[in-house]
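Per-chain numbering from 1; labels A, B, C and D assigned in written order.
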C-alpha cells in the first residue's frame, strides 16, 4: 500500500492555543449573558405590567399601607455587601487561586442562604396577599421572580463549592466559578429595580 | 495565527478519519438514542417532529374546511370545533412554524455553514428538543382526551380566565407555551454562541452567509419576544390556579394587559417565522442564479431593521379595542415602515434573478412561488396597517386569508425550498425532480384556491372562528371552493411524502455538492460525518466555496482524543482558543422529563412546583457533574490564556 | 418505522377511550338525573318542571351528585348561583340572612339529594322553593356548585376565582370541610339566627 | 323551512329590502368613506403586484443557464450591480412616498369618523352577552329607557352615538355595511359615532370569538326614516299588553310558572329578570335567538322546546313542556307585539 503524497497545503496549527479562557472569550460567558438577557426581559415586562396596573386604580397601594422597609432594606444591604466576596471569587478564579476561591464561595453560599431567610420575612412584610387585589398580585410576583433567581443561584453556588473541595478542581471549574460570579452580579443588578418598584414605588405613586 | 505548509498524505487522513469517527459518533441502539447530542442528529429530529406536527395540524385544518363546506352543518359540534381551530392555530405557530424555521434549520445548518464541528452547548440543544417534543405531545394528547384548548390560539381573557373556561383546557394551553418557548430560548442561546464564537477562521461577521444572518437576528428576536408570551401564559395560569388578579377588573386588574403582553410577542413572532425564510430564499436564489445576491449589506441591514421594527407594531392587533387615536396612528405608521426593509429585500432578489443565469430546479420553483405568494400577503398587510380598513376586515376571513398568505408564503414555501435544497446534504440522496414539480404545482394551485376566496368571504362579513354560518349568507360556494383547494394541497403533500420515501429507499446518491452551491456545508460529504469536517475549513470570502483560494488553508492540531473545537474571535473570527464539547449524555433527557413532570403537575397543585423542583435539581446536578477521567485528561494539558 | 406508527395510533385510541369526565361539555341532561332526584324522595313531585317526570324509582341515593365531576356544569352552577340571586341571602357562601354554605354545618344534610330537595322544595326559615323555576339539570348544576363551596369536590373540577370582588378563597383553594352529623335542634338554632 | 321564514321576513319589512352583508356595499357614512379608500388601495396595490410579478416572470424567461448540470458560478459585473442598486433606491423612495400618502388618507378617514358629533344625538347602549345583544335607548327619564334585544332600529341621516360595553367576555360589534367594528370589553364602555344613510335591513354580528355560540351571535339593523323610528320607539316604550285570547292567557301562566320567568323580563308583568333578552315586544322582532331563526310560530316552538338543538351550548335550557303548554306559551309570545 503506497501512501500517495497529497499536494502540500497550508494548514493552521491550533495545538498551542489556550483552552482555559475567561470573560467574553469563553463560550460559557455567552451562555450566561444570553440567560441574563432573557431574564432581564422577563423583569422588564413584569415591571411594565406593574405600572400598567397602577394606572388602573386611583389609590396605590389600594387601601393598605406600603410594605415595611425593614427586611427589604436589610436584604438590599446584604446583597450589596455580597459584591465584595463575589469580586474576590471572580478575581481569584481568573488567577486560579484555589484558597481564595474556596473562601469566597463559602461566604457567597452563606450570604445567599441568609438572603433567602430574610426573604421569608419579606413576603409577610408586604402586608398583602397575592390574591387580595392586583397590587398584591403584582408585588408578590415581582418578589417571587427575584426569589426564584436567588434560589437557583444559591443551589448553583453550593454545588460549585462542593466541587471545589473535591478532586474535580481544574481550569474548567475556575471558568464555572467566574461565570457563576457574573450571574450573581446579574442577580444583584436586577434586585435594585425590584427593590425600588416593590418598596419605594408604592410610597411615591 | 500564522499558516504553515505541511504535507498530509492519504494514510494520515485515513487514520484521522477512523479516529474522529470513533470520537464523535453517537451511542448506538434504542437506549443510546436518548444520549445523542450532535447537532445533526438533534437537528434531524427537529425536522421530523416539526413536520409531523405540521401534518397533524393540517389534518385539523382539513376537518374545519369539511365542516364549513355546508351551511348550518352539524358534522362537528361547536365544542369540538373550538378545540380543533385552537389546536390548529397553536400547533402551527408553536409546534410547526417556529420549530421548523428556527429550531430545525438553525440547529442542523448553522454549525455546518459556519464550519464548526458541533453546535455550542449541544446538551442544552438535546434538552431543548425533548422539552419541545413533550410540549407537542401534551397538546395533541389533550385534544384526544377531549381536553384540547378551546379559546383560540391567543386565549384572550376573560374568555380564557377562570370564570369562563372551567376545566384544564386552558391550563394545558398555557403550559404547552412554557414548554415550547423554553425550548426556543435554549436554541436561541446556542445559535448566538455558535455564530459568534465557532465560526471558521476568516469568516468575519461581514462574510457571514445571509442565511446565518437571518437565523442570528431571529435568535435575538426570540430572546426578546418569547419571554413576553411565556409571561402572558404564566400570568394567565396564575390567575386561573392560585387566584391572582392580573386580569380581574373588579380587583384592579385589566384584560387589556393580557392583549398588550401577548401581542408584544405575537407580532415579532410573525417575523421570527418569516425571517429564516428570507435567509433560505437568499441561499437558494444565489445557488440557482449562479451568482451571489446583490447588495449583501442592504440585505443584512434590512433583516436587522425588520427585527427592530417588528417590536414597535403590536398594537395594530388592537385597533378595534378603541384605544386613543393618536397612539394607534403611531403604530399604524410603524407597521407601514416594516414594509420598507422587506420591499428592499424583494427588489434585491428580483435584481439578482434579473442578472443571474437561472437554473429552474424544484428548490428554485419554491423560491419563485414564495415571491408570488408572499407578495400578495405583504400587499394585503399594507391594507391592514390602515386603521379604517383594519376596522372593517379585522377578525374576518380577510385576515385569515392575509396571514395564511404571509405565513404559508413566508414559512411553508421557503421551508420546501430549503428542504429540496438541503435534502441531498442531509440524507446523501437526491429527490425526484418530476415528483417535486408535481408537489409544487399541486400545492401552489391548491393554496391559492383555498385562501384567495377567503379575501372575498371576509369582505362579505364572514367572521373568524365561526363553526358554521346561515344559509342566506351566501358564503357556501366560496367555502366549497376553498375546500376543493384544500384537497389539492393534501395531494401535494402526499406527493412530497412519496418523494421523500422513494429517495430514502434508494434515491440517486447526491455527492458533496450537487447544486454547485457556495456554502461551507457543501464542502463536506453528504450526509456529513459525525465530526462534520475532517479538517475544519477556513474562509476567504462571502461565498465560501466560490471565493476559496486554490489551496485554502485548513485547521489542524487538535488532540484527537477529546471533542475539541476551535473558538474564534467574535467579530473578525481569528483563531482564539480551543473549547471542548461535551459528549453523549442521558441527563438532558432526564432533566426534560423532570421539568415536564413539574410543569404538568403544577396544573393540578401549586405544590408540584416545590416537590417537582427536587428531581429537576438532581437531574441538573447530574448533568453538570464532571467525569473523573476527563478531569484528569484536561488537567494534564491545560493552557491558561495570559492575563492582560 | 411502521412499529412507531402502530404504537402511536394505539396510544391515540387509548387516550380517546379514557376521555376525561371532567371536560365533558354536554348540551342535554342525561335522563337518569330525574330518577336520581326522585330516589327515596317523599314527594314524587319535587322534581322541577315537566323536565323531570319519570316513574318514581326507589334507587338508593347517590352520595355523589351527577355533575360533581364536570367542571363545565359546576361553572354553569356558579353562574346560576349569581344570576338566581342566591347571593342575596347566602352571600358568596359566607352566609347572611341565610346560613353559610362554605362551612361544615349542614342543617338539612350535605348529600346531593338533600341539597336538591332544599332548593326545589324550599326550607323553613325563609329558603324559598324553586320548584318549576329551574330545569332539573340547572338544579343539579347548582347542587354541584354548592358542594364545591365547602370543598366537597375534587380540586381540579372546582371553579377558580371569578372576575368580581374577592370576598373568599376560590373554591379550588377551599380546604375540604367534613360535614358534622346533624344534631337535633339544628333548626331551632337556625331560627335564632 | 328557514328559507321560507326568510321570505316571510322580507314581507314583514315591506318596502325596505334586506341588503347583502358586505363591506363593499356601504349604506353608512363610515363604511362609504372606507369603501372609497378600499377601492383606491385595491387598484394601486394590484398595479404594483402586476408590475413586480411581471419582472419576476421576465427574469425567469430571460437568461437560462441550461438545466442539465449546474453551470459555473458567474463572474460578477459590479458596475451593473451598482446601477441596479441605484434603481432599487429610487423604487424604495417611491414605496415610502406611497405609504405616506396612504397613511394620510387613512388618518383623514379615521378623523372623520371620530370627529362626528351632534347636540342631542340618538344614544344607544350596546351590551354584548353570551350569545345575544342588548340594546338600550337612552332617555332623560329612567322609565322612558327602551330595552330591546337582537334587533337594532336606527334613524337614517342623523349621527348616532353608540356606547359599547360587555356583560361577560369580549364581544365585537360589527355591521359591515354601516361602519367598522368595535370590541366590547368588560369593564370598559367605549363610545363610537355612526350614521346610516340608506333605509334597509342590515345584518351585523359578533366579530370577536366569545365561546360556543360565537357563530350564532348576530343581529339585524333596521334603518328607517326618523318618523318611522320615533313611532317604533313609542311602541317599544309601552309595557306588554294584556293578552286578549284565552290561549295566550294560558300561555302567560305557563310562562310565569316555568323557568322562563327566572331569566326574562316582560314589562308590565311579574317577570323582571335581566339574565336573558327582554321579551316585552318579542313579537315585533323579525328574528329570534340572536338573528338565528326567523320569528315564526314553528321556530318559536322549536326554540323553546329544544334551544340546544339550534344553538348547542347556549345558556337557555331546553325545556320539554307538554305540547299544549308549549302551544299556549308560543301564542302568548306571539301576542307580545
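Just so it is clear, a residue touches a chain if its C-beta (ideal position, glycine included) is under 8 Å from a C-beta of that chain, and two chains touch if they have at least 3 such contacts.
Since this is a predicted model, take the numbers as computed values, not measurements.
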| item | value |
| --- | --- |
| Those chains which touch chain D and also touch chain A | B, C |
| Identity of the chain that, by mean CA position, is farthest from chain B | C |
| Centrality ranking, top chain (CA atoms only) | B |
| Contact-richer chain pair [B-D vs A-C] | B-D |
| Whole-Å separation of chain centres (CA-atom averages), chain B against chain D | 38 |
| Rounded Å distance, chain A centre to chain C centre (Cα mean) | 49 |
| CA centroid of chain C to CA centroid of chain D, Å | 37 |
| Chain A and chain B: spacing of chain centres that average the CA atoms, whole Å | 30 |
| Touching two or more other chains - residues of chain A | 131-133 |
| Multi-chain contact residues (two or more partners), chain D | 186, 212, 312-313 |
| In chain C, residues with contacts to at least two other chains | 25, 161, 163, 166, 169-170, 173 |
| All touching chain pairs, where touch follows the definition stated at the start | A-B, A-C, B-C, B-D, C-D |
| Chain A partner contacts - residues on chain B that touch it in the complex | 1, 3-13, 120-121, 124, 185, 188-189, 192-193, 196-198, 201, 223-224, 226-228, 230-231, 235, 238, 242-246, 248, 251-254, 257, 260-261, 264, 535, 538, 551-559, 564, 566-567, 570, 575-580, 617, 621, 624, 626, 628, 631, 634-635, 637-643 |
| Interfacial residue positions of chain A with respect to chain C in the complex | 131-133 |
| Chain D - residues contacting chain C, complex | 186, 212, 257-259, 261-263, 273, 275, 308, 312-313, 315, 317-322, 325 |
| Chain A residues touching chain B - in the complex, by the definition given at the top | 1, 3-22, 24-27, 30-31, 34-35, 37-38, 41-42, 45-46, 49, 52-53, 56-57, 62, 94-96, 130-138, 140-141, 155, 159, 163, 167-168, 170-173 |
| Chain C - residues contacting chain D, complex | 25, 27-28, 48-51, 76, 79, 83-84, 132-135, 137-138, 163 |
